[in-house]
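Sending over a structure as structure tokens; questions will come in a sec.
So that you can tell them apart, the chains are marked A, B, C and D in the order they are listed, and the count of residues begins at 1 in each.
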Amino acid sequence: MAGNIFGNVFRLTTFGESHGPALGGVIDGCPAGISIDIEAVQAELNRRKPGQSAIVTQRKEPDTVEFFSGIFEGQTTGTPIGFAIHNTNQKSKDYNHIKDSFRPSHADYVYDQKYGVRDYRGGGRSSARETASRVVAGAIAKQFLKDIKINAFVSAVGSIKVDGDYTALDFSQIESNPVRCPDPAKAEEMESYIKKIRKEGDTVGGVVSCVIQNVPIGLGEPVFDKLHAALGSAMLSINAVKGFEYGSGFDGAKMTGSQHNDLYNQDGTTKTNYSGGIQGGISNGMAIYFNVAFKPVATIMQTQETLNNKGEFVDMQGKGRHDPCVVPRAVPIVEAMAALVLADFMLLKRLNNNQL
Amino acid sequence: MAGNIFGNVFRLTTFGESHGPALGGVIDGCPAGISIDIEAVQAELNRRKPGQSAIVTQRKEPDTVEFFSGIFEGQTTGTPIGFAIHNTNQKSKDYNHIKDSFRPSHADYVYDQKYGVRDYRGGGRSSARETASRVVAGAIAKQFLKDIKINAFVSAVGSIKVDGDYTALDFSQIESNPVRCPDPAKAEEMESYIKKIRKEGDTVGGVVSCVIQNVPIGLGEPVFDKLHAALGSAMLSINAVKGFEYGSGFDGAKMTGSQHNDLYNQDGTTKTNYSGGIQGGISNGMAIYFNVAFKPVATIMQTQETLNNKGEFVDMQGKGRHDPCVVPRAVPIVEAMAALVLADFMLLKRLNNNQL
Amino acid sequence: MAGNIFGNVFRLTTFGESHGPALGGVIDGCPAGISIDIEAVQAELNRRKPGQSAIVTQRKEPDTVEFFSGIFEGQTTGTPIGFAIHNTNQKSKDYNHIKDSFRPSHADYVYDQKYGVRDYRGGGRSSARETASRVVAGAIAKQFLKDIKINAFVSAVGSIKVDGDYTALDFSQIESNPVRCPDPAKAEEMESYIKKIRKEGDTVGGVVSCVIQNVPIGLGEPVFDKLHAALGSAMLSINAVKGFEYGSGFDGAKMTGSQHNDLYNQDGTTKTNYSGGIQGGISNGMAIYFNVAFKPVATIMQTQETLNNKGEFVDMQGKGRHDPCVVPRAVPIVEAMAALVLADFMLLKRLNNNQL
Amino acid sequence: MAGNIFGNVFRLTTFGESHGPALGGVIDGCPAGISIDIEAVQAELNRRKPGQSAIVTQRKEPDTVEFFSGIFEGQTTGTPIGFAIHNTNQKSKDYNHIKDSFRPSHADYVYDQKYGVRDYRGGGRSSARETASRVVAGAIAKQFLKDIKINAFVSAVGSIKVDGDYTALDFSQIESNPVRCPDPAKAEEMESYIKKIRKEGDTVGGVVSCVIQNVPIGLGEPVFDKLHAALGSAMLSINAVKGFEYGSGFDGAKMTGSQHNDLYNQDGTTKTNYSGGIQGGISNGMAIYFNVAFKPVATIMQTQETLNNKGEFVDMQGKGRHDPCVVPRAVPIVEAMAALVLADFMLLKRLNNNQL
């Protein structure tokens, strides 16, 4: 109930502050008998880690995951999978300036009001560093999901947007550029823009899109746990996310029923896919696709007026090492959360009927 | 886990199919000692019910709620509140045409695939009629929340949109027109458009916006149960919803940090409110506002080609009595779900620290 | 969290006070495709109902269950099963004497302290009448469990005890006498004793035992949700229960390992069954058996000194119609709770490994 | 759902196998602002650890707890508390004999059947070593509970029993002897008996009793989460437990209502306490007391015939270092589980009414 447990039956509990001894988590409910490739897990973590390219934060953290339990001779055993990532490169002194002051549009103020105490170093629990645990768990989930393909990518940075719909994109291009955009021309444009923004000491928002293919029919639990409601909640729980839409999304609100209805092919697939692979909250076998909006990172390298905990105005300038644009590193996080949701609902589906 | 229980500690379990004997639910976790105005509950239900104006479905259902437990001498007792709404006006024969066929962009096909059996009458459990139970529970939640004001309204129908931001709107105008739009000129335009669309046997989508005022600081549970993640999930669980954004939303993704950061006033409020009243997943005391996108109703009064359960193409024309545009009746549903989320998080906040 | 939801994935939510309009519940998570025999459900309810024999309370309540949803054309549909039992024979005036006074060893005082308000009529929510909802849900669970046989019976009334172990008993005798004891001679002795006790205006405790046969291997979730922990919790949640033991139970604490270990037969069954069909919290395919201790009913037809809500001593004499010994009517309740636990764990087992 | 998460709002998730890299857990929901004495946590762990006296296993494990998060400058912050205990003294080769064979009355066989794979070393997840994580979390819970006093102790070893009821015992004597029995004469008798049993290569069961004092009125959630049901489930989840009774327990089943009813004093306390401090599932402010039956440890140093995974009979003799009687080391585990339940219900109580 305190919000650090995710999922219904494939459950992830996470812990850890940005500058404490370690972050990590426990996966409870991963079925036995899944072969685990630890290097593949580490590879996902490397996609998220700081310092991997010129357009992300230059912080250097090895972010090496250590597994404690639940995997024996290369296989899951059905028991909980505990893991940790030790924090090794915390420059806590970078954060003395926020010990008593509240960064604008950060969670400092509300944590103080809610808990009466906060680990201010690097934002503590509110730091996006917390998502490293999600990426580890998501990588395990992906190995359970096997044939289901999850591809996230950057579809917009500021006002620069990828054109056309998801069917026109070449996902093999995603990792070919530091922005993680499948359209190489747009990727270059985005990269230049992010560099310019960083030079100005500013930050910019963007959109991560995600396409999930080879999804079995029948995932999603009516009525409150519709598949897209769970995906939406998962995405909105990622730091800096402001919006979620799937299928036709907000554009669908402008359409008429005669335009929007997806007519069937004889095999049960549909001719169009405005539904985004989900009808009535349940997957219909078509590709699931959705967009996730990220706000610009709140820490900017410009002086801002803010409040301290005595209620006085003080000047604050961003210190530490921060991302000018969060979306390139958010790509593996979006995939991880999607994988956790799908793993959970793949298992829930086993409970639906009595022909099993 | 089967998806019919909502909330963490203020919990609603619902049941009921469109054409079964009754719909209803159980609220477990409503604190004792709350005075309940039953007529106010019924009034909310009346805002949702069919047949209330010329632009909604002409089905006539009295939708009278009956309470079974949990309220004694006008007060909640802390025990579960059971209730039911009997179905009285089911024209089940209207639905014989969908017994063996799957309506396009409806849940018929996926229910069949998921469960192997379905109550086809009126869509069964997948019918939006299910939301009546949510409105009852939301009305109870509102009475618990007291000073917190929740105002939902229609902000777009098709491409017709209310201009300006929420601070410019007069919420007292919402119930003055059948569209439930606070801008009377736009309301008229929307109403005409809906009538035109209905005449064409078509339907249209729209957007419901919601503003929540007088929210205490500190609601929301890091990291997975951020307040906006719970609100998003709640909204996305409503039938026909395709997207959710709060605060700056998808527009925020285009902004820079120096534009988007909300600077503090000396009392802890902020000069702007791009954050939408939530920072790091926790309410900051400013107004919470969000948009919910609804697709056009899938049942249209035009002939469409579709599949039957033998895999043959058949012609289908919408029968029964349906809404040409769902958003006017969705307004009380959005409010109800918002109230359920807030009631839940108001209670969770009691657990946060040890100074209580 | 408020305690009215039972189970992990086969979930029962109950509502209802002894003298309110109705009791009932919602089963969420019952798989689709189970044929439901409504009369069998009613038959279970009849085993629990008052007035069925000379040694139980003479209250007359028809206790007819009405189903609202989730069953269509005789089969479960995978959607929630809502049901209610209307209260028809409440003699609320019988309870005016406890409006302001607290019956000794009843829950009146603690409800008042906990909630600040209470529906005093017939004990309100704390009445064992609440268990009627459990019996309905348990009867549905039994139909899902099919081949698993659950037999509960009275094994002790006061100091009168059935001798020997469960393997010597003829379960077909259980319903042959009003005590529900499979040993006819002991049954008669118990019946006479209960009549004597009633004549004295007193009540007496007893033990209900339960044997579950044909249980698949592998039910139970380590480490906190061991099968016997879930059974224990289920039984201890029944009104008036003071203890639970399974297999060798408290006697096992006196034994040595060389006596107590169950050695294997070649087919994986065991030569003895001190384990009670459960090892390490997981069913091993042998019969599960356990004992449940019930205290004497607190309402006696003798004058007792007690407190009123002004802190004054008052004399109180039991009124209304009460059971002199609760165990005969507790038999179907114990079975129902066992069925609910087993249904839940049968479903959970589907999640354990990836060979499905 | 996979059983490794305990509690409703004060939640413990544990992980770890007997011979893997580490055991540990995450506490989610511990309120902010609690001063934590880490040495007191380690002291509890030392009470549980092997090798502490002549009558327990001579395995030497330092069992040092390492905290990863959730505690900052000596105080809880409201964020999850992650911790681990590294395994340092695993003699895994001691367990090669059980790699392919199933120890009688152990969980080897059922784990194999349930998961299809098992970490056989030291019993893997089914080892009582797992309870170390519970003791850590229980020690944190105790610091939250502060004034509530929880005293567990050994009340029986085999047939040697402490006489009289809990009010006659001197809890300050519990830690004065290696058996942890508050009656020094009985303690000596028990100690000699355990030594004799060990010499015979055998083991013996026993009973741990627990008394909880200074409990506020109002803990416990009707109807399924009665306080004693939660305590019972918690105790039954401990390895080797066969039974749980509270208050009058199984003896209460023999009594009459006129004997058993607890009459009130004028201050709301009761003259007797057969209720065991709980009425209707809710604490009434009197001492809570209960008994927990432990079976004899299944690993004996005698040759037993058993099965291997080819279905052949093989001879097996216990190896490794095991406890001849588990109850002395179970005392801190019983206390820890009691503390976890009480912490959970203390928080749940905050949700009950609206006068807060």
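In this section, contacts are C-beta pairs under 8 Å (C-beta built on N, C-alpha and C of every residue); 3 or more make two chains touch, one makes a residue touch a chain.
Note that the structure is predicted; figures quoted are calculated from it, not measured.
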Item to complete: Please identify which chain has its centre, taken as the mean of its CA atoms, farthest from the centre of subunit B.
Response: D
Worksheet entry | Distance between the centres, which are taken as Cα means, of subunit D and subunit C, whole angstrom | 26
Discussion item. Please tell me the distance, in whole Å, between the geometric centres of subunit B and subunit C computed from their C-alpha atoms.
Written reply: 39
Worksheet item: So what's the Cα centroid distance for subunit B and subunit D, whole Å?
Response: 46
Practice prompt. Name the residues of subunit B that each touch 2 or more other chains.
Written response: 1-5, 8-9, 14, 29, 32-33, 78-79, 114-116, 125, 222, 351-353, 355
Discussion item. Testing understanding: with touching defined as stated, what is the shape of the graph linking the protein chains, line, ring, star, complete or other?
Written reply: complete
Fill in: Contact set on subunit B toward subunit D in their complex
1, 9, 29, 31-34, 76, 78-79, 144, 222, 347, 350-356
Item to complete: Mind listing the subunit D positions that touch subunit C in their complex?
Response: 1-6, 8-9, 14, 102, 104-107, 109-111, 113-116, 125-126, 130, 156, 158-159, 197, 202-207, 217-218, 220-226, 228-230, 232-234, 236-237, 239, 242-250, 252-264, 266-268, 270, 274-276, 279-284, 291, 293-300, 302, 304-307, 311, 313, 348-349, 351-353, 355
Worksheet item: Tell me, which parts of subunit A touch subunit D in their complex?
Response: 1-5, 8-9, 11, 13-17, 20-26, 28-29, 32-33, 66-70, 72, 75, 77-82, 84, 114-119, 124-125
